[in-house]
Each structure stands twice: as C-alpha cells, then as structure tokens.
Amino acid sequence: MTMPDFLLSAAAFVLVMVALGLIRILRGPEDVDRMMAAQLFGSGGIAALLLFGVATEAKAVIDVALTLALLAAFASVAFVQGISRPDSDDSQETRDE
Amino acid sequence: MPHSLSSQDVTTPGGLLLVLAILIPFVGMLIGFVFGGGKAQRVALATLAAGLAIVIAIAHALVQSGDAVIYILGGWKPPLGVALRADGLSVVMLVAIAVVICGIGVYARADFGTPSGVKEARAPLTFWLLLLAVWGSLNLVFVSGDLFTLYVALELLTFAAVPLVSLDGRSETVRSALRYLLYALLGSVLYLLGAVLLYGVYGTLDIPLLAIRVRPEPAAWAALALMISGLLAKTALFPLHLWLPPAHAGAPAAASAVLSGLVIKGSWFLAVRIWFDVFAGVVTLPSAQMLGGLGAAAILVGNVVALRQTRLKLLIAYSTVAQIGYLFLMFPLATGLSSAGLDSVVSVNGGMLQAISHAMAKAAMFMAAGLVYATLGHDRVADLRGLASALPMTVLAFALAGASLIGLPPSGGFLAKWLLISAAITTLQWWWALVMLAGGLLTSVYVFIVVVRTLAPAHEGWKPKSPVPRYQQAVVLALALCSFLLGAAVLCPVDVMQIGRTVSRNTLLP
Amino acid sequence: MNGPTLFGLCAAALIGFGLYGLIVNPQPLRKIIGFNIIGSGVFLLFGTIARRGAAVGMGGDPVPQALLITGIVVAFSATALAVALLLRLFDEGGVVTLASEASPTEAKADPPDA
Amino acid sequence: MKIALDIFTIFSVMAGAFFFLAGTVGLLRFPDPLTRLHALTKADNLGLGLVVLGLLPQTHWPLDTIKLIAIWLFALLAGATVGQLMACTARRGGGQRK
Amino acid sequence: MTLALAVDIGLALLILAMAAWTIAVRDTFASVIGFVTYGLLLTLVWVRLALPDVALTEAAMGGGLTGALLIGAAARLRRTEATVRERPGVLTRTLAAVLSATVTAALSFCVLNLPDPAPTLAPAAAAKLGSTGVGNPVTAVLLAYRSMDTLLEAIVVLIALFGVWSLAHDRFWGGCPQLRTHADSEGILAYFARILPPIGIIVGVYIFWIGADFPGGKFQGATILAAMWLLVIGAGLAYLPPISRIWLRILLVAGPLVFIVIGFAGLVTAGAVFAYPDGFAKPLILAIEIALMPTLVLALALLVAGAPQRMPPQ
C-alpha cells in the first residue's frame, strides 16, 4: 500500500466516523446535541480534508482547511448564540460556574 | 426565416455607448448613496437625463450604421470574454424603457421628495437608488450577449425590484415581496441551470456562438425547458402569476409603474432572446403552442379576474397578467411562420410593440391610479365620482392608456395586435386571433366601466383630499399619449427592430 | 463511472430534493433552505463540468470556477435579502406564513416543451 | 530517513483515527449531552492533533507546517470555547424542546 | 483509483442523506443545522473535484456566513414555529415529488451524456494568462476576461444590502444594525473573540493576497474578515456603525467606483474599457482587488447583521 492510498483510507475511515457521529448528533433530542455538528466538522471534517489533500498532493487544501477551521468555530458560536434564549439574563450565563 | 443576433466580434463605432448605458445608472446609484438624502434625488434625476441621452445616441448609431452595435469588453473576445451587443430589438427596448423611466422619475419627485427638516428618509432614498438599479439592470438585459452576465442581470433586477414592493413596510406588502422574491429566485436558479447545461455541452455562454453550436438534442431541450420555465416564473405568466397582483398593487404608485411596466419586461425579453437567438434551430411548433396556450389562458383569466376587482390598483395589476399573455402569443406565431418557411418578422415586431406600448400604458395607468388615490383617499372602483372634473388630464390619460391596452387604433396596442392577428391568420392559427379579440373585448369593458364611473358628478361640497401637482398629471398624460400614438411606428421608413439581425443559418426548413 | 460523473448525478438528485423541499415546506425559512439546496446542486453540476474541462495542466476549466464563485456570492446575497424580509414580516405580525390563498410554488416548472 | 518519517506518519495517523473512533463510540454510547460533548471535544481534538502531527513530515516546511499547526490550535480554541458555551446552555436547559 | 471512487461514492451518499434530512426534518432549527453541515460537507466535495478556489468560497460562505444568517433567523422565529404546522395535501406532495423526480431524471440523463471530450476554455484561458500577469487562471477570469461580471457582482451585493436596509422601521433609519449578543466582556466568548480575530485577520489577508497566483482571492478573504468582525460584535466587544456614517458609505462604494475608474482608464491606455495596458495588468488587478476588499467585508457583514434596529447613542 502506497502512502497516498493509506492516507486516503484513513480519510475514508475518519469520514465514516464523522458520518456515524452525525447520525447520533442530528437525532437530538436536544438542540445542544445538534449544535455539536459544526464542532464535529471542526475536528473530524478537517482531519478528513487534510488527509484527502495530502493524499492527492493538492497544496491549496491546507488553506481550505484553515478557512474551514476558522469558520466552523464561527458557525458553532453562532449556534450557541442562536440557541440561548434572548429573554434570559445573558450576562450571567458564562459566569455562574 | 428566423433572424438572429449578429455574430460579429469586433467593436463597432458607438459600442462604447453600450458600456455607458449599463454603468451610468449604477454609478449614479453609488454616488447618490454616498450623498444620501435629497441630494440622492438630484443625482438620480441628473443620471436619468444623461442616460436618456446615451440611449438616444445608441439608437442613432444603430440607424446610422444599419448594423448591430457591438462592444468587446476589455478586448477579450468571446467565448473567453464577454461582448455587449445591441441589435434592433435591444435598441427599441432601450429607448422605450428610458422614456418610461424618465417619466416615472419626474412623476416620483412629488411622492419621493425627502421631507424638509429630515436629513434623509428611508423610502425616498431607497426608491431613487433602486430606480437607477432597475434601469441599469434592464439595460444590461437588453445588450448583454452572454448567458451568465444575463443571469447576473436577472438577479440585479430582482434584488432591485423586491424592495420596491415592500417600500411602505406594511406586513401585507412585505409578505408579497417575500413571495415575489421566492418565485424570482427559483426562476433565476432554473435559468442558471439551463445555462450551465449549455456550457457543459457546447462550451460557451456567448449567444451567437451558441446559436451556431446548439443542436436539437436532449440536453438542448432540457436547457430550453429549464430556462424558459424559470423566465416564465419571473415574468408571471399564467399559472405562475400568483405573486404579481398583490406585489404590484401594494407598492406606491411610482414603484408599481416600475414593477408592472418595466421589470417583467426584463425576463420576458430574455425569453425572447433565448427562444429566437439561442434555440432558433431547436424550438418546435408544439412547444411554442404550449407557450401560446399559457398566454391565451393568461389573457382570458387575467381579464376576467380584473373585471371582478373592486380596487383600481388591483384591477390594473390583473390587467398586467392578461397583457403578459399577449407577449407570449408571439412565440407560436413566429415559430409558425418560420416553420412554414415564411419570415417571422411580423410577429416578432408585433410582440415587441406590445411590450413597448404596454410598458408605457401600464406605467401611465398605475401613476394615474396613484393620483386618483391621492385625490380621493381611496381607489374603490365603485366610487370614482367627480374625478373627471377634478383630474381631467388624468382621466384622459387613463382612457388613452386603456385604449392602447384594448387595441384601439391608432394606438401602439392596436398595431401590435394587428400584426399578431395577421400573423395568426397567415399561419392559419385563427384560435389565437379569437383569443386576442375576446381579450380586447373584456379589457374594453373594465376600462369603460372605470372611465364612466369617473364621469359621474361629485357629491355636493366634495373637495379633493390633497391637491395633485400639474406636472404629475402632465407626465402621466404624456406617457399615455406615447403609448396611444405608437401606432404611428408603422410610418417608420426602416424596420428599426430588425437592424443588426442576420438571417440565421439554423432554418427549420427541411 | 468516475468522480465527476458521480458528483454530477449527485447534483441532479440535490436539485430534485431542493425543488421538492421548496414546493412542499410551508415555512418561508424552509423554502429559503430549499432554494439554497437547489442552488448548491446547480453549482455542483457546474463544478462537475469545470472538472471535466481539466486541460493544459489546469485541474479544471477556470471559467466555470470563476462563475461559480460569483454564483455563490449572489446566492448568499439572495439568502440575506430573503431572511431580512422574513424577519421584518415576523416583527410586523408575529406569524410568518406566505398567505393562505396561494402557495408560492404550485406547479412550478411546467417544461414548455416536455 | 524517508522510511522513518513515513512510518511515523502511518502510526500517528492511525492513532488519530483511533481517537476519532473513540470519540464516535462515545457520541453513540454516552447517555446525555454533557458527556457526549465531552467525547466530542476531547477525543476528536486529540485525533485531529495526531493526524496533523502525522501529516507534518509529508508537507513542506515552513509555511505549510505552520498552517497545519495553526489549524489544530484553532480547533482546540474553538473546541474549548464552544464546549464550555454549549455546556452552559445545556445546563440551563436551553434548547430543550417544549 | 477504485479506492478514490469508493471514497467519492461514500461522500456523495453522505451529502444526499444530509440534504434529504435537512428537507424532511420537522424542526426548523434542526433543518438549519443540517444545512450548515451540508455546506461543510460540500467543501469536501469541491476538494475532491480539485476546485480549490470554489472550495475556499464554499467553506467561507456556505459554512460560515450563510450559517450565521440562517441560525440567527431560526432562533428569532422559534416561537412562531408551533403555529405553522399544516403541510400541503397528498396531491401537492405527490405532484411535487413527480416534478422533482422528472427534473432529476432529465438532468441525470444529461450528465451521463455530456460530450466527451468535454468542451473547455482552459486552453484559451491559459494562452492569454501571460498578458494578465496573474498566475491563478480563476483570478484572470474574474478580473480580466470577465471583469464586468465581477464588477456587477459587487454591485449585486450592494443592492441586496440596500434592500435589506430598506426593511428598517422609519424611526431607525440612519441607525445601527444589531446582532443578538452575549454582552459579557469577561466571559469565555469575549475571550475567544479577543484571541481568534487577530489570527483570523492574518488568515483572511493571506487568502486574499495569494489569490493572484494561487487559489484564494478577495471574496474568500473578505468573507473571513467579515466573519471575524461579526464575531467581535457578537461577543459584545464592538458595535456596528450607523448606516448614515459617511465613511461607511464611501468605503461601500469605493470598490465598484475604483473598478469602474480603472476600467475606463483602460480605454485610454489600452484601447478598450476593462483592458489593461501591457505590463501593468497585475498591479491594476491588485489595485481593484484591494479597493474591493473593504467594500466586500463591510457589505457581507452588514448583510448578515440585517436592517438597522436602533439609533446610535448620542
């Protein structure tokens, strides 16, 4: 097995893990579960992407992964912002632990 | 014999004017936005004047050279680059739309002035910026020779038109705007899908190149079906018309005039462009008959529903649904003529004239309805008494515009319908002629009802709710007169519409 | 069967899914999502075509790629405008539907020459 | 040398894949959102770190290497932040369906 | 090769499942999350299709900004969701299914019968690439061969922004758009929003800068910068400016206006509008891109932020 083939198999494996995780997460039942989807992509998706990219020697993939890493975090934050109730006292929520 | 867009690819004298016709309105919009407030209106009006001059210069260049006006952007020739091309059809639309836009601009000064004491107000600024945006996008639709640039033009037109619907911010109009936007977005995405397929099969998006390469095969049929369906949804042809009446009737008068008179002509013109210039060798008579059938249904349904409206603006909006129907009768007639080996020019000219005279008449009608509303405080058709004495010019304008919609001589509507009916008779498609006559009859009933109601004397002591500036009435009358006298186009020594359209190689003759 | 063809078929299916969602879902936000899925299907089809056009050392035909970028930005603008309309409607009335008398996408795309 | 680096890559990527497996098993098996969140943010970020580590020898020094490490740091930062925000939301019962 | 194909098939199935779930799920919020995930998956597809420029755009737009936009809307609309439960009847659904299936079948047929070899403009683009001075052919298409489209695209974004603003209430005209924020300057989010944006800005500018010669460019870079700005605002560390600010308006129109000015300068120097004189193509293209950057960053972020909702503090 050559290096690209190995990396591609690893990418496929990680992708299957991400897919399985997605199934669990999206079933809910709570929105907090579903919000983890972007997070799952922030790690698993990027890992698969990098493995794809290095396997096919596409250099630009690293830039794509960089963008994805930045914006998956952004999307996750947006999820959390969207989900917390606007009427609750927001200033308390991150301090009360 | 089908005619199609000239396929030359060198810049002609006057070609630069095409770039200006597209960019001047957008530059006006950008500068108006920076200044904001009342200055935006002044910038917009100055832009209207400049744009009108440019469009007239384009018409001059076309007639002078007797051939299409072409500009190769950046010197990059198609298929890699993009060419702007104005043939007779483009130029006629350019001029007509410029006239109507200028009329609307003058009319709107009274309705969309920035109130004194305020630095800037929402509705006026939005209106002036978007009026220019609509104009720039329409000019782009008329002169672009590239299917993707045309997609961008369609989206520009949609984004500029939708906020005009909801300008007054009532929830009803916001809902209409949203519904319109969803229809329009679906329409443009279907159009884009068709364009993508064409690129995938023929490797270009340039219209004259495609005309040469397109073959009658499944991919081309699918692209045609997708693009035309998308454009039908945007043009609001029956049965995809449901978004139109509430959207057009709910907007302020000047905005309704823009939407009903002009915006729908953009997607319709694109349908014409595609049908005759890209797919000339692909379209078949049955498919054209189907479009004609939808058009006929639109004429009958639109007119009957218009008859039953109790509010003037809704009546006018449904009449637009019907008039759009006539625009689509040109497809079976032209295709019928060319498959019989005859020249399809008669019906193409008829359809174009219908588009132009409707643009002028419908803008005049909506603006007249705006004046009626200002005078009476309502627009209930049952209660229009006293109008004829209060607003004689406006009522006359309404009647003239109505005459053009009905198709009374010597109006533009008359000439258009006469050309279409004669094409129907030549090709033995008499049923379209019957539909057109029935449509004219129905139209005459509601125009007549409205005019007669206005002639009734007012109640004792009735006073107009608010005075209407004379210049607004004059503009409305002028547009209505343009539409009414457009029939004089028959006296034109050269057939302007067919300049720059070469006889296509893709004839349908065996 | 190769990669581009596979994703081309995938694009065709996505367009079908999106169209169904756009017609059937009553909520405007779901319609907006449906529109976006159709849009991405169209883009994916264009991407397939771009990939098939790989030549002279380029991984794909650059013209469709550039147009795709334009298309994605335009689709985003459209979504933003639609969402703004939807939120304004919500502010006005609280209930967000597209009127009762007409579902906006009935009988959408009659192919005129089918 | 090349061989050694390749073997390092293979081991590291395999270890990373193992942690993704562990994370997914956690997601599937853990009973409530907080524990599942734990599985996701800890195991998957470790997995990503190992994959990145494994890929380092296969990429070009220095720009690509820095970018790869930056990617992992972003993921860690986002994981930590979002994990905590979500945990707060979950604890307040936010997002529970009515 | 077969391994790669297997991976592609798996990815395609995952995408389709994601799309189907997004459409079928009852809960709107779940659907939005599904759509964002779908957008992220799509990025993988673009990478598999070896179209990195598009992958970058999709990663930035599809996952980031569109996600934030839709999530914000879904969150605000939450309470009304229970009231809209009616679904169309069986007949409508059947017709819709038939229509969709027809479209899919027709398109599939077209896809399977695309001509071989595929028509392509790649050789033509490559032949002229030298005269544009840029190394990335996609940038050459965007800013030389079809620069008109790119200019119009920037104008599309601006017009959409005017449309969004026109939905403000009259009393807030000239005021500030607002995001739902967690205004806690000590919290974890604020910490995150202090750390990430400086690095994000570097990444955004980097993606923009390499666009001339490698995959990347102004749209992708601008999207990243816009997302970073929104993050800072969302964490309550900054506010959006009032839309009446003159500097804001000048920056918004500067991009297209500079583009037009340089375009018309080409008339004098190179004989055609949007042409570049020999040897000056690359600096001029860079100048246009640099001018478009602030326009796009502001316009994209403000599109997400929506209509003005409050007056600026006096």
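First chain written, first letter: the chains are A, B, C, D and E, and each begins at residue 1.
What we mean here is this: a residue touches a chain if its C-beta (ideal position, glycine included) is under 8 Å from a C-beta of that chain, and two chains touch if they have at least 3 such contacts.
The structure displayed is predicted, hence computed values, not measured ones.
Any chain that touches chain B and also touches chain D is listed here: E. Chains joined by the most contact pairs: C-E.
Distance from chain A peaks, on a Cα-centroid basis, for B. Distance from chain D peaks, on a Cα-centroid basis, for B. Our note on geometry: chain A versus chain B, Cα centroid distance of 48 Å, whole angstroms. The distance from the centre of chain B to the centre of chain C, with each centre set as the mean of the Cα atoms, comes to 26 Å. Each chain gets one centre point, the mean of its Cα atoms, and the points for chain A and chain E are 19 Å apart. Separating the centre of chain A from that of chain C, both taken as means of CA atoms, is a distance of 23 Å. Shown for chain E are the residues that touch two or more other chains, namely 4, 46, 48, 50, 52-53, 72, 74, 76, 107, 110, 114, 118-121, 125, 145-146, 149, 153, 156, 160, 163, 167, 169, 188-189, 192, 196, 203.
Annotation for chain B: residues 80, 148, 152, 155, 159, 162-163, 166, 169, 174, 193, 197, 199-200, 203 touch two or more other chains. For chain D, residues that reach two or more other chains under the stated contact definition are 70, 74, 77-78, 81, 84-85, 97. Those chain pairs judged to touch are A-D, A-E, B-C, B-E, C-E, D-E. Only residues 6, 9-10, 13-14, 16-17, 20-21, 23-24, 27-28, 33, 36-37, 40-41, 44-45, 47-48, 51-52, 55, 58-60, 64, 67-68, 70-71, 74-75, 77-79, 81-86, 88-90, 92, 94-97 of chain D touch chain A when the two sit together in their complex. The touching residues of chain A, counted against chain E in their complex, run 5, 8-9, 11-12, 15-16, 19, 22, 26, 28, 31, 34-35, 37-38, 41, 45, 48-49, 52-53, 56, 58-61, 63-64, 66-68, 70-75, 77-84, 86, 90-91, 93-95.
Only residues 1-21, 23-27, 29-30, 32-34, 36-37, 40, 43-45, 47-63, 65-70, 72-74, 76-81, 83-88, 90-91, 94-97, 103, 106-109, 111, 114 of chain C touch chain E when the two sit together in their complex. On the side of chain E, the complex with chain A involves touching residues 3-4, 6-7, 10-11, 14, 18, 21, 25, 29-30, 33-34, 36-37, 40-41, 43-44, 46-48, 50, 52-53, 55-56, 59-60, 63-64, 67-68, 71-72, 74-76, 179-184, 186-189, 192, 196, 200, 203, 207, 210, 214-216, 220, 223-224, 227-228, 230-231, 234.
Taken together, the chain E residues at the contact with chain C in this complex read 4-5, 8-9, 12, 15-16, 19-20, 22-23, 28, 31-32, 35, 38-39, 42, 45-46, 48-54, 57-58, 61-62, 65-66, 69-70, 72-74, 76-77, 80-81, 83-84, 86-88, 92-93, 95-97, 99-105, 107-108, 110-112, 114, 118-123, 125-126, 137-138, 140-142, 145-146, 149-150, 153, 156-157, 160-161, 163-164, 167, 169, 217, 219, 300, 303-304, 306-307.
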